[in-house]
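Labels A, B, C and D are assigned to the chains in the order they are written; within every chain, residues are numbered from 1.
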Amino acid sequence: MAETHGYHDNKAAYLARLRRIEGQVRGLQRLVDEDTYCIDILTQVSAVNKALQGVAVGLVQDHLGHCVRDAVASGGTEADAKVAEASAAIARLLRT
Amino acid sequence: MAETHGYHDNKAAYLARLRRIEGQVRGLQRLVDEDTYCIDILTQVSAVNKALQGVAVGLVQDHLGHCVRDAVASGGTEADAKVAEASAAIARLLRT
Amino acid sequence: MAETHGYHDNKAAYLARLRRIEGQVRGLQRLVDEDTYCIDILTQVSAVNKALQGVAVGLVQDHLGHCVRDAVASGGTEADAKVAEASAAIARLLRT
Amino acid sequence: MAETHGYHDNKAAYLARLRRIEGQVRGLQRLVDEDTYCIDILTQVSAVNKALQGVAVGLVQDHLGHCVRDAVASGGTEADAKVAEASAAIARLLRT
């Protein structure tokens, strides 16, 4: 069985949120296809961004609370790598 | 026929990009479903954000170059409203 | 006399806002100097970001409403360049 | 003596970076005062945003590597609160 991670307990919720986001992106296609006014499409793009951001923050919190936490609790040198790795992922999110 | 807007000439390209983004979001679902490591999922979320950002900047440019431009060229008072509306949409994008 | 631009009428307001932001950044230095808790400093960094974002959106709106607008009204080919230039500036803002 | 935090070892570096950012914000004031072209000011605003973002990511990494880590290592219930607090700060950064 695949090793599970911080978000495992919330897996169903993440999948539901991602399916909703998938539907929102299909909705964007419909808006473009139906020649909807640009500003209305941009408003929906912001909504998709916001939903994705919510998923990202949730995953960060779950990761900190489990994967990083376990690495720290195990007392090994892995904790530094986990912290650096998480910070790099947060930096990437900030740049988009 | 629906009134067309700035992005009309690039409609097919926008639809293709949005379908790719839809596929990326389905890819995120697969990663979660397969218990993929959190950081790898976060990296993909940043990629989806970036792709969406590209669509948004394209739509802004098309809107400025057509809808706002036409309103200015027509010399009416509508130009102020169009500029304010575009700026508000840009502000929303900046907040996500 | 230097050519003036879209924000000229709001110059005093922009200068006041930028002086306030300068003060906020000095405030961040004080927080670090006084060993303030990391989260409280991060909260202030978000506040400075938000204030800067407000200045940026204002400048974009002034630019669209004057520089881009004048280029369009003059009917020349400069309008395309102005729109492309503004869109590139907006894209840079979105990436930070 | 005030309790010190994750960034304590890098305090001088953070202060130097923040002083540079303060100088950049004063530079923005000069650009506005000298009626500089809007786009050139917007380019500098993006540069200040980027510098601030770098400070924020550094503070997050230091916080995770010390404050959150110590809370986890102490084995108490405080770790959950620290993780939630850090995630909320990251969410605020993402929204600006």
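Worth a mention:
Throughout what follows, a contact is a pair of C-beta atoms (placed from the backbone, for glycine too) under 8 Å apart; a residue touches a chain by one contact, two chains touch by 3 or more.
Remember, it's a predicted structure, so these values are computed and weren't measured experimentally.
Following the contact convention of this document, B, C is the list of chains adjacent to both chain A and chain D.
At the interface between chain C and chain D, two copies of one sequence, more than half of the residue numbers in use appear on both sides, so the contact is built from largely the same positions. Contact tally for A-C versus B-C: the pair with more C-beta pairs in contact is B-C.
We define each chain's centre as the mean of its Cα atoms; on that basis chain A and chain C are separated by 29 Å.
Remark: chain B and chain C have CA centroids separated by 22 Å (rounded to whole angstrom). In chain A, the residues that touch at least two other chains are 53, 56, 60, 86, 93, 95-96. Judged by the touch criterion defined above, the protein chains are all mutually in contact, each touching every other. Those residues of chain B that touch chain A in the shared complex are 2-8, 11, 14-15, 18-19, 21-22, 25-26, 28-29, 32-39, 41-43, 45-46, 48-50, 52-53, 55-56, 59-60, 62-63, 67, 85-86, 89, 92-93, 95-96. Against chain B, the residues of chain D that register as touching in their complex are 95-96. Across the interface of their complex, chain C is touched by residues 53, 56-57, 60-61, 64-65, 68-69, 72-73, 75, 79-80, 83-84, 86-87, 90-91, 93-95 of chain B.
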